[in-house]
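Presented below are the structures under discussion, each in the form of structure tokens.
Each of the next two complexes has chain A plus one other chain: chain B in the first, chain C in the second.
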Partner chain A sequence: MDLLQFARGPTLTWAFAIFAFGMTWRLVGILLLKRRPDYSEPRNATSWPGAIKLIISRSWPHREFIQRTAFGQTLGYIFHIGLVIVVFGFAPHILVFKGLTGLDWPNLPNAIIYASGAITLGALIVVLGRRLIHPVLRLLSNFDDYFSWFVTFAPVATGMLAVAHLGARYETLLAIHILSVALLLVWFPFGKLMHAALVFVSRGSTGALFERKGASI
Partner chain B sequence: MNEPDTLGASLARTGISRRSFLKFCTAMASLMALPPSAAYAMADALNRAQRQSVIWLSFQECTGCVESLTRSFDPTLEQLIFEMISLDYQETLQAASGEAAESAREQAMKASYGKYLLIVDGSIPTKDGGVYSTVAGVSNHDLLVEAARGAAAIVAVGTCSSFGGIPHANPNPTGAVSVADLIRDKPIMNVPGCPPIPSVIAGVLAYFVTYGKLPELDHLGRPKVFFADTIHDRCYRRPFYEQGKFAKTFDDEGARNGWCLYELGCKGPTTYNACATIKWNGGVSFPIESGHGCLGCSEPDFWDKGSFYKPLAVPLADNTPTITAAALGGAAVGTVAAVISRTHQTHIGEEK
Partner chain C sequence: MSTADIDSMHPLELNQPRFSVKNPEPRYDKQGDMPDAQRVETAMRYFVKDFGAVAATYMESCIHCGMCAEACHFYVASGNPKYTPIWKLEPFKQAYKREAGPFAAIYRALNLKKKVTTQQLEEWQELLYDSCTMCGRCTLICPMGIDIAALVGLARHGMNQAGLVPHELWAVAERAKREGSPLGATPKVFKERCEWLADDNEVEIFVDKAQADVVAAMSSIEIMKYPDSIVATAKILNHLGLNWTFRSDGYEATNFGMLSGNSAWQNEMSMKLIDATIAAGAKLLILPECGHAYGAMRWQGANIYGKPLPFRVLHISEFLAENTKNGALKTKPLAKTLTFHDPCQVSRRGGAIEAPREVIDGLGAELIEMQDTKGLNWCCGGGGGVVTIHRADPIRYQAFQIKMKQIDDTGAELLVSSCSNCRQTFDDGQDHFHWDKTMLSLLELVADNLEDK
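And then the complex of A and B:
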């Protein structure tokens, strides 16, 4: 068994299994937690519009803090959108999703994927640099932050190296790329990357609570 | 067996002009990415060279390699390669049979001991004393060891002799191995492919006769001049890959328009060979041009690397049952964790 077979075979099987186990464990565990009883009189009959409103409003810089947060939020948007384009727009990636779920959608030309990948890498490097330079951010950061950054950066970087055939033979680079994706999948449910699944749940819960209490969103 | 003879004299007798000969040498030099001056050096060396004694042993194989070579050479100038060499033993091509054939091999080995080129096609069975393939009652293993002893170099033609090939595929019932698995003390060049490209054989033989050594090899013992690039790198369908245009089935509009066959399982990105540049049948076509994805036949264990029709990016196994089981397990553990947490929350509430 060569490295590529090892990556495409047992490594991905185990990574998918750990990902699925971890995701359902954490999501079910959180969603089934007991809610605190709210004895107050509800100000609005339905609370879900508040959930949607808060999800949207918290995804945009607050006017009062825009000068301080615009740079970080812009960077965040850049690499998140870049990741979405690369992960869901590249034909070989779509084949993986199709194999797992049966779902299929049109792919993007490789030039767009390569450009998005390069921009994403650049943005991720700036994000790391900012975290290291900014005194408050550095103080707040722990292993989870840096390792989550690494497992996000590695698949993009190795994927770009693979398509560019830089540093090693293609099959080796492809194997390393798949191994880095496996590492991402294994870490995903247990680190801060889980925000991808929980961010809208937490914002929605807060928004629904605000709506019920009649708070402005 | 042929008498020692210079190649120039042999060519003159068969009516090959110097112009045709130079054209052949130029083509060979160009094929191997040698500088233009190498064509003249090659012509000069070949002209003065004695015909290289070659002994060709066939083991566990389908004769596809020999079929490919013989059919594709005729009637091109590459057929000359058989004029350059003295093919002293080849079971399929020789007229002699039985004891006369074996005697010819033994005489050739004795006459050119330490100088002959040994070509091998087919893998070598090692299980149960090698009984699964024998020639004149002698196992392939013993034949190879005996012939290798007096060889100047060994060329393993085809994937079976290079890497074990299909006989080596799981579960490998005959214990098939490659030439390099058994012979360690001779220069060995692998020319894999199922079958290999005839021009590649012609090129490396011309190189050996000219320079008296094997060309530069890659980490798998393949001549770099022919195996440095992937099929994908040189494929005429590559622009469609970059444009994101893929054939979805073998007969859809994309396939008819020559779009990339990646989604149909083409192994071109991980296969190193010269099919896309030299092509087959005198440069007419190659498998991808004929509408089928590359099988990766010049790579080790190509038969055991998953389905030929599964894209390279896709996991080898069907992971759906594993993922479902893991998700159910995760949900169960999550539910237990939530129940414990709820019980704990209730206790805290009661204490307050």
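And then the complex of A and C:
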């Protein structure tokens, strides 16, 4: 079994298994905890619209916060959108998803993928620099922040090297790329990358609770 | 330290503009003589005691983006990263991951999160109490929607049980538990005040009616510092022709049990008010101009009672708004411009955002909103018990300047709010900065402008 076979075969299989089990364990571990009944007279009888509202509206800041958060938010948007384009728009990736799920969709032109990849890498480097320099971010940051950054950066960087055939044989580069994806999948449930799922739970919980009270969301 | 020692060792100065203890020095306060390890264990046990799915979700969700700092008046005013709201919970996050989260076993086995120490908790006392008003502005900026203010409330439960509360706050909470009021407004004092206020102002103030449709409550700050609020409440309820009363067995709406993090004291204080309202057979309990009293009773009262309350609960501004809208409250026009400071616990976190504006509209005054207003207003900096903590004065004054600028920018003639705790914070800030603005009470403004019948 060569490196590429090892990466595509057992590594990816195990990575997916750990990803699925870890995600389930963490979500179930939180969601199965008790929820106390609330006997206070609600201001709004139905609270779920607040959950939907907050899930959507918190994707951009309130007017009052824009000035102080614009840079960080823009940066976040750039690399998140870049990641979505690269992960879901690149033809070879779509083939992998088709193999896994049977679903298929049209790919984006390679030029867009490459440009998005480069912009994403650039944005991620700025993200890291900012985390190291900004006093608040530096104080808050721990291993999870830096390792999560690394496992996000690595697949994009190795993917770009693979398509550019830079630094090693294509098969080797592809194997390294797949291994980096496996690392991302394995780390995903344990660190902050989990926000991809928790964002809905967390925003939804606050939205529903606050809607009940008529509090500001 | 025994309860009896408190007053002699830390006497309260009730004649000061706001209540205080003598000569507080920079310090980490401790109550009791628990061994350090037990303090930490107790703090964590009580932190997770009321933990449910929602709090756990919050603890799991932080992405360390640091945006919450940009919403916090203490960080914005000082630029000190330690005031970042989510950082105020760091030891509790650490303990949660190690002891209670879904992967706690892994964290413990590999020692990925270290045990929290007493020194850490002592250091965090300042962050959890002195520099957090639990105003919840950070909740509105968090991209994950984490209600950081609620988590600070839970952390305070742990700190209280571990005996790690700033002493002024602990002392007033303990006094409230012992005497029924944090500022010495005992039932006897309250009744006497009502009597002389009734005489002085020639207004009927009902106390301890056996049956009434409406029970009104006051805050200790009003009773002791702003007694005109008692008169104003009576004037308005009489103007409306209601069958109402104060109750000497349940008149105190402030809840320092909640602010200091003592759930047992919080429950006891809330139950006094609930029992008194039920005893009067009232259908409505009116809460005074006090922010946290609103949260304590309107949103937590029924949960302490264990079932829906058999009466409605309204903040005085909501009550005034209802009676303005239905035409029962008749006021003379007030031809002035004014700006309104939203009390965080009533407005942003309580949901009574439009009520005071409807009252102001009814008064015929021109409302000039601040740049950041309603749910996005800046806190005055004195909520959550912060105004009681004297070592917090420097950072509180820094934060207060944000509010001063916003108010000055409106150019309004009058400054009004509907929270007596905000009011005393503004009074103190006015003194400190020799500011030309005086905070007025919405309740008193309405009472002063009632139409003659």
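Convention: the second predicted complex is superposed on the first by the 217 of 217 C-alpha atoms of A that agree within 3 Å, B and C clash if a C-alpha of one lies under 4 Å from a C-alpha of the other, contacts with A are read in each partner's own complex, and residues count from 1 in each chain.
By our rule, a residue touches a chain if its C-beta (ideal position, glycine included) is under 8 Å from a C-beta of that chain, and two chains touch if they have at least 3 such contacts.
Note that this is a predicted model, so its numbers are computed, not measured.
Visitor: Are chain B and chain C a fit on chain A, or do they clash, once the structures share the same frame?
Guide: fit
Visitor: State whether A:61 touches chain B only (first), chain C only (second), both chains, or neither.
Guide: Touch partner of A:61: chain C, not chain B.
Visitor: Who does A:192 touch here: chain B (first), chain C (second), both, or neither?
Guide: Second partner only.
Visitor: Counting only touches as set out at the top, which of chain B and chain C does A:174 meet: first, second, both, neither?
Guide: first
Visitor: Of chain B and chain C, which one touches more of chain A's residues?
Guide: C
Visitor: For the superposed arrangement, I'd like the angle with vertex at the C-alpha centre of chain A and ends at chain B and chain C, nearest 10 degrees.
Guide: 170
Visitor: Applying the touch criterion given at the start, work out whether A:8 contacts chain B, chain C, both or neither, answering first, second, both or neither.
Guide: first
Visitor: Answer with first, second, both or neither: which of chain B and chain C does A:202 touch in the superposed model?
Guide: A:202 contacts chain C only, not chain B.
Visitor: Of the two partner chains, chain B (first) and chain C (second), which one does A:33 touch, if any: first, second, both, or neither?
Guide: Both chain B and chain C are touched by A:33.
Visitor: Minimum Cα separation, chain B versus chain C, post-superposition (Å)?
Guide: Minimum over all C-alpha pairs: 5 Å.
Visitor: Hey, what residues of chain A end up touching chain B and chain C alike?
Guide: 25-26, 28-34
Visitor: Okay, in this complex, where on chain C does chain A touch?
Guide: Counting only chain C, the residues touching chain A are 50-54, 56-58, 60-67, 69-71, 75-76, 79, 81-82, 84, 86-87, 101-103, 106, 112, 139-147, 298-303, 305-309, 312-313, 347-353, 371-372, 374-376.
Visitor: In the complex formed with chain A, which residues of chain B make contact?
Guide: Per the stated touch rule, the residues are 230, 232-233, 241-244, 246, 262-263, 269-270, 300-301, 305-306, 311-317, 319-320, 322-331, 333-335, 337-339, 341-342, 345-346.
Visitor: Which part of chain A faces chain C closely enough to touch in the complex?
Guide: Those residues of chain A that touch chain C are 25-26, 28-41, 43, 54, 58-59, 61-62, 64-65, 68-69, 72-73, 76, 134-145, 190, 192, 194-195, 198-199, 201-207, 209, 213-217.
Visitor: In their shared complex, at which residues does chain A touch chain B?
Guide: Result: residues 2, 4-5, 8-9, 12-13, 16-34, 91-93, 95-96, 99-100, 107-111, 165, 170-171, 174 of chain A touch chain B.
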